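Two complexes, one shared chain (chain A), two partners (chain B, chain C).
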Partner chain A sequence: MIGAAELRALLPLMLVALTAIGTLLLAGFRRDARLAALGYQGGLLLTLLTLPWALPEQPLEVTPLLRIDGFFGYFAALFVLVAMAVGLMMQRQVRSKTSGERVEESYVLLAICLLGALVLAGAQHFAALFVGLELISVASFALVAYPCGGRPSTDIRQRNSLEAGLKYLVLSSVASGFLLFGIGCLYLDSGSLAFAPLPPSTSLALPGLALLLVGVAFKLALVPFHFWSPDIYQGAPTPVAALVATLSKGALFAVMLRYLWFGALQELETLVPAVALLASLSMLGGNLLALRQRDIKRLLAYSSIAHLGYLLLVLLAIGHAGVAIEAGAFYVLAYSLTTLGAFALIGCVCEAGDEPDYRLEAFAGLIWRAPLLGASLMLILLSLAGIPLTVGFIGKFYIVAAGVDAGLWWLLAVLVAGSAIGLYYYLRIILIMLAPQSEPSGIGGGRWLVYGLTLLLVLLGVYPLPVLQWLPVL
Partner chain B sequence: MHATEETLWSLALYGLAVLSLVALMLGLSYALGQQRRSRATDEPFESGIVSVGSGRLRLSVAYFVVAILFVIFDLEVVFLYAWAAAFDAVGLAGFVEALIFILVLLAALAYLWREGALDWGPRQRSLERTERER
Partner chain C sequence: MAALLLWIPLMPLLSSLLLLLAGARLGERPVALLGVGSVALSALFSLAAILSFSASDGVAWGIETLPWFSALGLEVGFSLHFDGLSAVMVGVITGVGLLIHLYSVAYMAGDADFARFFAYLNLFVAMMLILVLAGDFLLLYLGWEGVGLCSFLLIGFWYRQPENGYAARKAFVVTRIGDVALALGLLILVQQFGMLNIQDSVDQARQLWPGSDLAGWVALLLLGGAVGKSAQLPLQTWLPDAMAGPTPVSALIHAATMVTAGVYLIARTQGIFMLAPQVLQLVALVGAMTLFLAACSALVQHDLKRILAYSTISQIGYMFFALGTGAFSAAVFHLMTHAFFKALLFLAAGQVIMSLHHEQDTRRMGGLLRPMPFSALCFAIGCAALAALPLTSGFYSKDAILLQAYAQGGAGFAWWLALAGALVTALYSLRLFVRLFLGDCRTLPEPDNRPLLCWPLGILCLLALFGALIPQPLHDVFSAAPQAHVPLPVHLLVLAMPVIGLVAGIWLLLRHRDWRQAFATGALARWWRAGWGFDVLYDWLLVRPLLWLARVNRRDLADLPVQLLVWTSRICHQGLSRLQSGRLRHYAVGIVGGAVLILAVVL
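Let's turn to the complex of A and B:
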């Protein structure tokens, strides 16, 4: 039964849902991009501010579907902040492209995505998992195909995003099918959809878990289920690519953490070889494939595949190392912050001209053209590579600590090898950036977002304590 | 465990039987049937009448929009039927929840109306109005 306490705990979800509806009505009755952005950011800010008040002291089950606790609180705050940053990027993208396209709806879709992520952060039931996942996916299909920088359906520049949207729709639906089939097998096996340990000695548990793993790997773009991700990143508008890279992957990872935490641990034992294989393939494959990329968005896509591979280490360590949940939670934060910074910078540098230029050469001589932006890019890349003084280092340190605790030695060796390969292509961009300028080109707007994200990235890298005390613990 | 395996085997056997039956039917008709190619072989069969014109029709976009609207409200009715069947059991809480559901859909309908999705025909007045405003 839903009482006052439950309603209070659900407040963040309700506020985000209200934001989506309110923005929709604003879009219908007043065509004003700035007003829609204001409504969206206002609603999200309100959600963020009321979040500490709304969180119950003790973990609270709101219906069998959701569980509102510290874990939810941490990820909810992170996802709301990510969505706000993506909203800012969207706003800037729109301001710089002054064709007559309609942008107000993008905020509605962003809010729906965020709602799905919040549901995933609180899910303790497969029904909630699926609803949350589909909320994110369905809103992302439309966002990926969003006309950014061209008149709808007439401009050749929209072709890329349409193609990306269609690919994402088909592949993501197939992945959802796998996931649903896996959930169905598990339900047939245990008779319950709640996140709980499965009854022992059953024949359908293994196929169910394997199908579930395939679906999740597809959505997280782990090698060998990664083929969609570079194409989507390349074709989608830059803010949306940032959203797909951070919010949807982070939310799915959060729900997997909770699933394993809530009792599927001994089931994992049977899947350890498969997950370990996925992790090592992603770490090596992502980094190797990124080596020869000439397109910054594709490069980031492969780098994100590798980062998700590092994160899988946490899932393997979860039963053995107490630090695993913390490590996963912090790494999601570090990865989201850095990736958002990278995409904000791409929006700022590559999309300054009439035609977006995503070649790595677009960064040539950036440090001479715009020293602060160049320095930001350097810090972001170092954070992606996991060099000290950045938040990426703390995140990777956490993961290695969890891996050492759990004794995953050969996976740690793969992680080190992958990071070493990764260093090569991150440093290559820095070299390109330091080269003398070949052709003069402008810098777009949106620098302040890049500066802010970079500052946060360094601050948390030097002094992570304020965040560490909020991390959910086992 | 044993029973599951047995049923799985029978399921696999059944699937195999279906596949072989289909293969047999297709193969037999391929092997025994006559294969003749003439001018009329590839034409669509329209009860003996020679087909006229192209099969590719141009449908007004409004048709598509109405189809989408129909699906949306059809789905709404599905949920409301479930609610109506359990009206007494779910009580006030169920009423409030159904009310929220309907209000959200109402907001979507208001948005669609403002977008001009409800204007019939290829000329959409509200779209023209927004064009003029621009």
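Let's turn to the complex of A and C:
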């Protein structure tokens, strides 16, 4: 039954959906990239501003599918902000290129992605989970292959992004198959699709959960389901890569957090070895793969594999440690913020020339060319490495605290080893950046976004209290 | 009112940040205005805080915890605390600090790094204020490490001379040993009581720890931190070398304020020390030994600033001795008067050194009385206060220490050492003055009497003479010492000791030049001059074995795990990279393989 209260709670979702439709209509009547961007950003800003008003005092179930509560509010705000930042990056991409490509529809796709993420943030039912997930996936297929910043079909970059889109489509469908199969098993077992504790001692629950885990692990790009991610990151337009790295992974992680929190805690016990295996493989594998990588986008893909590995620790700690949910929620924020900053910086530095240059050497001498951008890059990398005074440190600190509380000593040891390896390639970029400048090259637009994200990253690293105060209400 | 407290450390901190960021682009005048002005404002706020404190009959107040973050049940935040002890410290830091800042404007004029100097100096004042105003251990530790950093930066301020850099490193490393002990002690406190507030933790310790060994260990660790920062035995070796910094720095950091941080620390946590009488006795013993050894070293030094450095070590030894015998308020009293007369001596020494074209060796000085009468007056007052001649400020505070110590514990070994130290102090004060101002003129001075150099000196002269009249609102901080009767002969002995030293010195000077000569070239004097050989000892005991170990171990076992890690990482990286073929079918195989793996693990 949907009444006024439920409608009010659903307002964020409706506003985002309206933004998608509105932007589509705008693009239909007048092909103007700036107008479309304005519509998109305006819609999202409205969503963000009305969010506090829309959130009910008490957790509210809107149909059996969605649950609107503090948890939803936190992630919704985060995702809307992420989507706005990606939108800004997209806009810059257009402004710097004048090859006549049509970018208006990309905002529609972005809004649909965001809608999927919001559905995931509120999902308490497998149907909602699947709908949300596919909303994100389908929109991302198109976005990854989006003709953005190049001449259609002849440009090498264009072909790359088409290839990436196709790969993503095929592999993601396979993973979705696993996911559906898993959900089906769980349904057969319990007769319900709601997130709830499973009835004990049945034969289908475990295989169902395992298959679910496979699907989720693919979407989160955990080792050994990670193969797609570097290719996709490399091929996709930079803003889209940022979107895939932050929004889709963050949303799926949020829904997993809620699922484990609501339901399958006791079932998790049997899943622990599998999740622990995935976590340690990802932490080590991601960092090892990034070790001598020469392409910044592939490097970030590997680094994000490792970061998701750290995040899995939270899932394991959830039954034991009170801070686990807080830790997970904060780490998603820290990771999204930092990764967005990194991609914004790539857009700024690597895509300044006619031909984009994603080699690490593109950063050579950045600190002398553009001191503020260089300092931003340094802070972003330190945050990725988890060095104090950045938000990455607070996030990692929380995860370690949750791990210690839950007694996950082996995984913590792997985390430490992985972080140590990680330092090598993060610091190597700083080293390259500090080297004397080899060839002069320009700096693209969009640096204010980088500055803003960096500032936020340091502010939250020094004074995380405003966010932390929000977390216990989850 | 509480907001005022916040601004006391914030003013110099902001000014320091500003100078660090934009100082290079400003001229000398704006830099000086900013550097001195911020400390002046800070001093003004401090004065207001102290006045309101005494108006409210000495009720401690502060700023409640400003939350920073809270995790795992530990609330971490910042709070400031203002009581009698903080009031004395803040008064000394901002008051003496302001005078030294003014002096520095003249002293450092024309230096290429004028702005950097004031940025560091302001940062130091800010950190020192944070240290003494801190209401919780976190801020205390921030201030503690902050002043250490500034000390390092300022000792090595003229970094182009390698020996300055060496001195800075030495100071940093030696004090670091103490800092680790302090950190451990604080961590034990936090772990035991689960809170960061200093007063509450000490109160908790008072209630829960009587009879427990833990109090002793914590006190010992805190003492470790204190001896490092305050250059007491066995970590005293860094202070004489620290004189490589500019002279105002020596006056501010290495005489008046930072080196007394150890005294402040022990006074602040006295509740814990009271629970561990053995450690308290150790404090007294450390102080007494240090004061005597350092006084002997000061007697035979040639370098003007090294004489003053050893004398500083010795005077802080008196403060430790006082703390150890339970005469807490006397220790803080001496801390204040020492800040006055030692800052005076250092700044006057700076003026002399400037006038003599950066000559620091007292053997090439002499006969400066006539060309530099003002400096001579400053030195005379400073030396008199240092020697604790009657009616100077140093007299009252040192008398208080010796008498209260006697009243508390009678005449033990430490007390006799302290008494003997008073004699030696008078001797080296006399020697210092005579060497500089009497006798033949060996280097012709070009007296430098700029008003900015002279005014702070004049004010410090007054403080060194009459500073003992400044009231100290310490009665609420320290439990009042029980009044014990001190017999008249002891009174007279303490009173007479500096005078005896002085008379003996004059007698030696006039009658027995040959004895002096024989002593000065003897082995004992050489030993003392080298600071009782501690540097050599540590060199042989610690530095050389460590270097040897490092040299022998250059390619060795310890590297092997690291190398192994590098190799395995590289091989794993190559192996894993080969799997990234870019082919869809390989990736699909990955998914299927992973699914099989997970099913195998789960089922």
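Quick note on the criterion: the second predicted complex is superposed on the first by the 469 of 474 C-alpha atoms of A that agree within 3 Å, B and C clash if a C-alpha of one lies under 4 Å from a C-alpha of the other, contacts with A are read in each partner's own complex, and residues count from 1 in each chain.
In this section, a residue touches a chain if its C-beta (ideal position, glycine included) is under 8 Å from a C-beta of that chain, and two chains touch if they have at least 3 such contacts.
None of these values were measured; they are calculated from a predicted model.
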item	value
Contacts of A:F225 with chain B and chain C, given as first, second, both or neither	second
Touched partner set for A:L213, first chain B, second chain C, both or neither	second
Chain B versus chain C as contact partner of A:G353, first or second or both or neither	neither
Which of chain B and chain C A:G285 touches, first, second, both or neither	second
Touched partner set for A:S203, first chain B, second chain C, both or neither	first
Residue contacts on chain A - larger count, chain B or chain C	C
Chain B versus chain C as contact partner of A:I21, first or second or both or neither	first
Footprint overlap on chain A, comparing chain B with chain C	none
Touch list for chain A against partner chain B, complex	1-2, 21, 24-25, 27-29, 31, 100, 201-204
Residue ranges of chain B in contact with chain A within the complex	1, 4-5, 93, 104, 107-108, 110-111, 113-115, 130, 133-134
Sites on chain C touched by chain A in the complex	67-72, 569-570, 572-573, 576-577, 579-580, 582, 584, 586-588, 590-591, 593-595, 597-599, 601-603
Interfacial residue positions of chain A with respect to chain C in the complex	167, 170-171, 174-175, 178, 206-207, 209-211, 213-214, 217-218, 224-228, 230-231, 270-271, 273-274, 277-278, 284-285, 288-289, 291-292, 323, 394, 397-398, 401, 405, 421, 424, 463-465, 468
